[in-house]
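Since the structure comes first, as structure tokens, the remarks are kept for the end.
When the chains are written out, they are named A, B, C and D in that same order, and each has its own residue count from 1.
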Amino acid sequence: MKENILIIGGGAAGMEAATQLQNMGLTPIIVEKSDKLGGHIAQWDRLFPAFHPANDVVEQMLNQVKDVKTYLNTEVTDIQKDNNGFHAVLSNNETIDAKAVILATGFDVFKAERKQEYGYGIYNNVMTSVELEQFFRTGKDARINNPKKIGFVHCVGARDVKVCNTYCSKVCCTTALKQACEIKEVFPDAEVYTFYMDLRMFGPGYEDLYLKTQKDFDVKCIRGRVCEVSEDMDGRLVIKAEDTLFGKPLKMTLDVLVLMCSMEKNRSIDAIQTKLGIANNSDGFMQNKDMYLGMNGTSQDGVFVAGACTAPKSLPDTIGEARSVATQVFNYINR
Amino acid sequence: MIIEGKQKIWADYQKDIPDDHYFYVRSCIRQAFFPGSEVTFLDITRNKLGKDFYENPYHTTCGGIAYHSDTIPQETAMTIIARQFALMKESGYENYVCSCITSFGCYTETLETWHEYPELEAKIRQYLWDSCKKEFAKPKYLAHASDIIYKLRFEIAKQSKFKLVNVKTGKPLKVVEHIGCHYSKMFPSKGFGGAEYPHVLVGMIEAWGGEVVDYPERRQCCGFGFRQYFVQANRGYSESNTHKKFESMEPYEPDLIITNCPGCPYFLDRWQYVIAEQTGKTYGKNGYGIPALTYEEVAGLVMGYDPWDLGLQMHQVAIEPLLEKMGIPYDPKKKYQGLNGKDLGVPQCPMHIKSV
Amino acid sequence: MNSQIFHPFVIPFVLGMAFVLTYCLVGLVRVVLQLPKEDRKKFLRSLVTPKIAWANIRDLFGDCLFHVKIWKRNPILGYMHSAIAFGWFMIIVIGHIMLFTLKPLEGVEAEGFARTFTNFYYPIFYKFFATETPVFAFLMDFFLLVIISGILIAVVKKIHSRIVGVKRVTKFGFADNMIRFALWTIFPFRLIAEKTNIMAFWWLYSFDLLIFMCMLPFTRYMHIPTEALFILLRHAGLKLREPRKGYALAQIYSCPSCGLCIDACPMSVSDKNSGNTSAYFMKKLRNGDSAEAQRIAETCMQCGKCVAVCPVSIKSCDIKMSQREATPYIINSDHSYLNDYTRTDASDASSVLYFAGCMTQLTPKIMRAMKKIMETAGEEYEFLDKDGGICCGRPMMLSGKTAEAQAMIAKNTELIEKSGAKKLVLSCPICYKVFKEEYHLEGIEILHHTQYLDELVRNGKLKVNKSDVNYVYHDPCELGRAFGVYDEPREVLENVGNLRKAKSEKELSICCGGSLGSFNLTQKERDEITTNSVADLMFNNPDEIVTACPLCLRTFARKSPVAVIDIAEVVSNQLVS
Amino acid sequence: MDFGFCLSPSSHVKMDGVDLTTFNRLKETNPDINTCIACGSCTATCTAGNFTEMSFRRLLLMLQRGKEDEAKKMIQRCMLCGKCTLVCPRGINIRKILLDITR
């Protein structure tokens, strides 16, 4: 009898894990609380570092899981573990018996309004990176009409004790430069500035993206965290930051300000997580067994984690972890 | 500006404080700067609104002016504050209200520090006993005088005789609100509306018919800070802070500045004269400045007090244009007469800023 | 033959000849007048001093007629040039000899145009007017055929230059191509005219000469008359003042755009940059396109190879330098901060002073090697710029800011003289050139460290053992071509290992590409040059490349398949302690 | 009337309408000028830097923050020795930029 594996979360991690488990002859069951699979990446326009269209990747992933048993608009309301596996109750009152559980619940985007000084939700032309990505997909956003000066603020909701997120959210620097190039393509004669503390271009081809952003797209990177944003009489944004490399504070008026919001752990799984006895680490993400050989395991046998639920991750990281969790589950089943 | 965004924040930062039975302490310098303010506060609360605000004659400074000038250690200041609380206890009150913003900051800081370090509270209790043989009790509610006026703003509006409206044009006056830094920047949760968009003065302006001006340098400090302006050589630094604010609010052409701290109205008022003398520039219309009043004085104006009883003639910036805008009658001759009609003498008229 | 002495067809030739002679005369006067006063005096004096006069004659024949320098470079091209030049010269000379022997005017009354110009045109068209003795006939036909043989090679070169051993040929404008055809057709027409005596060909022959003469001043063939003047000026030892006047003007017009410098220039490794070589620089200067001339002058690496191969020995590097010096810089340097700089560790007992220079600060291995060498040799030495020191001033001068380099030069001079050293050793050829040419250090011998090492090994102060490593030595441009220091480094290397030859040695060595001389070259373009230069050095696949310049060391190290090492390191590794 | 103190000018760099003429002129002939990551290698290796606070990194910033006259004063210190160009990790042709500024 092919064992059921319960996968909570139908984003990139959940889908990829299901695909691999299927190939290994197991029966993955995906429970997704939203109305469709794909997670955050499904709403992305293009991926860094080479501006690859996101739905290329998402189409392939969706195609691979088309005959996997999937519950949409459904959440796990209760879960028990007994000696022959896990007994889960879903919000549509169905029950699932599974040999192992994979938590692939991913991340939530930091609520930008928590950084009040940036005026998100208060000033007209402040938006988040996710909303800018929507603009690239749809081409429409009330806040963007032929802006002449655009600013990107890095580390919004990350590396910041004041919002209790001291970790680095890993992908926003690269995303910021990608978006800076993309917005420059849309508005070629706009001036684009990014305000960073450190430009963490960690992956392969990322430094080339940085060089391209500077040279071909003439984006100006200013080292200094924006401290305060306010609105002037005609609704444009006045930002204050210190150019720490020049050693002087600077003031600038912008038409659009994009906040690079960090990743935070998806809180909606907390109840089930406590039922399963999985704790959170100091960053508020799920605590895996250990960072090296136990990155997919947890303190509870049979409960596995993959993707951004344990720490901020890029798409390649997530896919990698989804594939590794499949083998961990396979080994666990056949131990 | 998306007003719903602000209202959401204001909803997050609500302070539940009673609006009666308070032990009132004065500020050590506000009487010197604007003598009408504190007496008006007591008159409005006691006589106009019938509230119980007791003032113990033996209360002293909170020690903030020395503490923030680095001349006394924090424990000394805490002992002074403990003595104030002791007086409150002896007078049978458990709600404490102070008139000065810096005091409010010191009291909040002290209570928070005692909360975090109970052993320090015990030590201060011992110091107080050794020095004055008094026992103190921590107040149940701590408020700033502007919180009270904020809570009673609608009652005041009901009894108001004038609105913050330009009677000639019918349009609401454009009012700049400036919050004292020690009010909510240090402990955002202790101020109505939090630190970024405090609501305490905005509430009053909107309740009394005015329109709030939200200019970029709204959060900029007025530059009063004890350490800065005590030494004459540093005073330019203080003045520049105010100058920065006026340069930023100028395009909005505000009619009035409302403040809730001893220092801000004083600096926002006096520096307009110094800036005018030094740069020849004034920020009000045709040579006048922008009047900078305390919330008590504005409450007084709205409730129909005589401007000279509010002590508005003590302000550097002439108040007459505002009175005309609000349609408040005033007797120019009695401007510089004492209570018993004695002539106090007209101050020398400055070169650049009109003072009627 | 008929006994006429005049025929209308000679008129075009005479007009052409008159035009070109007057033009050259005016040009000559103009150039001489443009010379500053003392240069003019020096020039006129040089014409009469026997030693210089003899050198003038020798070169006039050697270069103008026999093009000896081209022979050395490329024998086929050498023959082509000398065949045409010398052949043409001979038929004019023999023609005039016949004129004086035949004396056509004797006993003939002719007046007006004929009388005055007969001597002028007669030799050119003698066959039409008179019969000649067999000896003259033979000589005239012989040299005519020699010229035509030269022209045949020119035609082949035009069709496919590689056959004649030339990779790249200068791209010519319309005028240059036009006059080239005129030159090619003159002597065939003459041959046909003389043999068939058909009037049409005599007219064609005369008109061809007219076209050639009239176009000559505006094309590259202007180098024929100007080179003679340039030889005289060169022997007078004049110094180049402005980029387009006097001595420089003579050089501009004596450049034949032959294109030899294009192949030689290291930059022509990329097609785009072959447009930045000296041939094109001279053309731009001549056409008055100063913006382009300035750009090319600033792209040139000043490696001097074009000057080394130039058959007319035009000093294009100096002209480019004077073009840079003429650049109107708005902001001038202010090095007054150097005035109160004194060396803290100045001991004045040392006899040898070693000046590493800025570039060597970035290659500390050289400094360490020199220290070890001088200690082992027991030399009393001192480092002038241990703590970073002051730049020698050469890079500043390379950008044309000669005046602004003086502050650095003055301060360094003061420091050097205060150190009381007798010998100044430099490990960077860039510094070596400025110390030799601009500094005035009385009583102090200036040596590049290759010369110093050679001296130490020669006088036994340094004992080295010979390893079996195969080295190839790269001649730094400023050391080899500029000062001819070729042998000392090779002597030293012979003692410490086996020396193999590069493909291009000594004055033909290819610049490493890292030169500070060029402003505009991008890193990519420099890498191409470096790769080409490394390939040349690896020709006899050595184990290690030895350089004598810190800049070459750093530049080669990026692209070399084998280790790149300074000569001082080689020696210090082989010291017998 | 002497008050014994005066207004101290704001130290803020006003980025709106900052004068970039020189910087843009340099950008035409040296497109790499934008790729500076302010690592400071040029300043560290600078020969004139041993005696003064000559710093090409700072100079580039001055040109972009409207402090042109300060930049033009600093550039007078430069000895044009070219070490900065040799060490620049972004391969910027610094020596050419230094020359282009002075014309």
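To be clear about the criterion, a residue touches a chain if its C-beta (ideal position, glycine included) is under 8 Å from a C-beta of that chain, and two chains touch if they have at least 3 such contacts.
On a predicted model such as this, the values are computed, not experimentally measured, just so you know.
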- Note on the structure: For subunit B and subunit C, the contact-path distance works out to 2
- The chain whose C-alpha centroid lies farthest from that of subunit D is chain B
- Chain-chain pair with the highest tally of contacting C-beta pairs: C-D
- Pick the chain whose C-alpha centre of mass, unweighted, sits closest to the average of all protein C-alpha coordinates shown. D
- Per the C-alpha centroid definition, the whole-Å distance linking subunit A and subunit D comes out as 39
- Message: Taking the mean of the CA coordinates per chain, how far is subunit A from subunit C in Å?
- Response: 65
- Item | Distance between the centres, which are taken as Cα means, of subunit B and subunit A, whole angstrom | 46
- Counting only chain pairs that touch, give me the topology of the graph as line, ring, star, complete or other. other
- Query: Which two-chain combinations touch?
  - Reply: A-B, A-D, B-D, C-D
- Residue positions on subunit B within touch of subunit A in the complex are 1-2, 4-6, 8-9, 194-197, 214-219, 251-252
- Item | Residue ranges of subunit A touching subunit B (in the complex, touch as defined) | 113, 116-117, 119-124, 228, 230-233, 235, 238
- Can you check the complex and tell me which residues of subunit D touch subunit C? 45, 47, 50-52, 72, 75-83, 86-87, 91, 93, 95-96, 99, 101-103
- Query: Quick one: in the complex, what on subunit D touches subunit B?
  - Reply: 1, 3-10
- Message: Please output the residues of subunit D touching subunit A within their complex, sorted ascending.
- Response: 11-16, 31-32, 34-35, 37-38, 57-58, 61-62, 64-65, 90
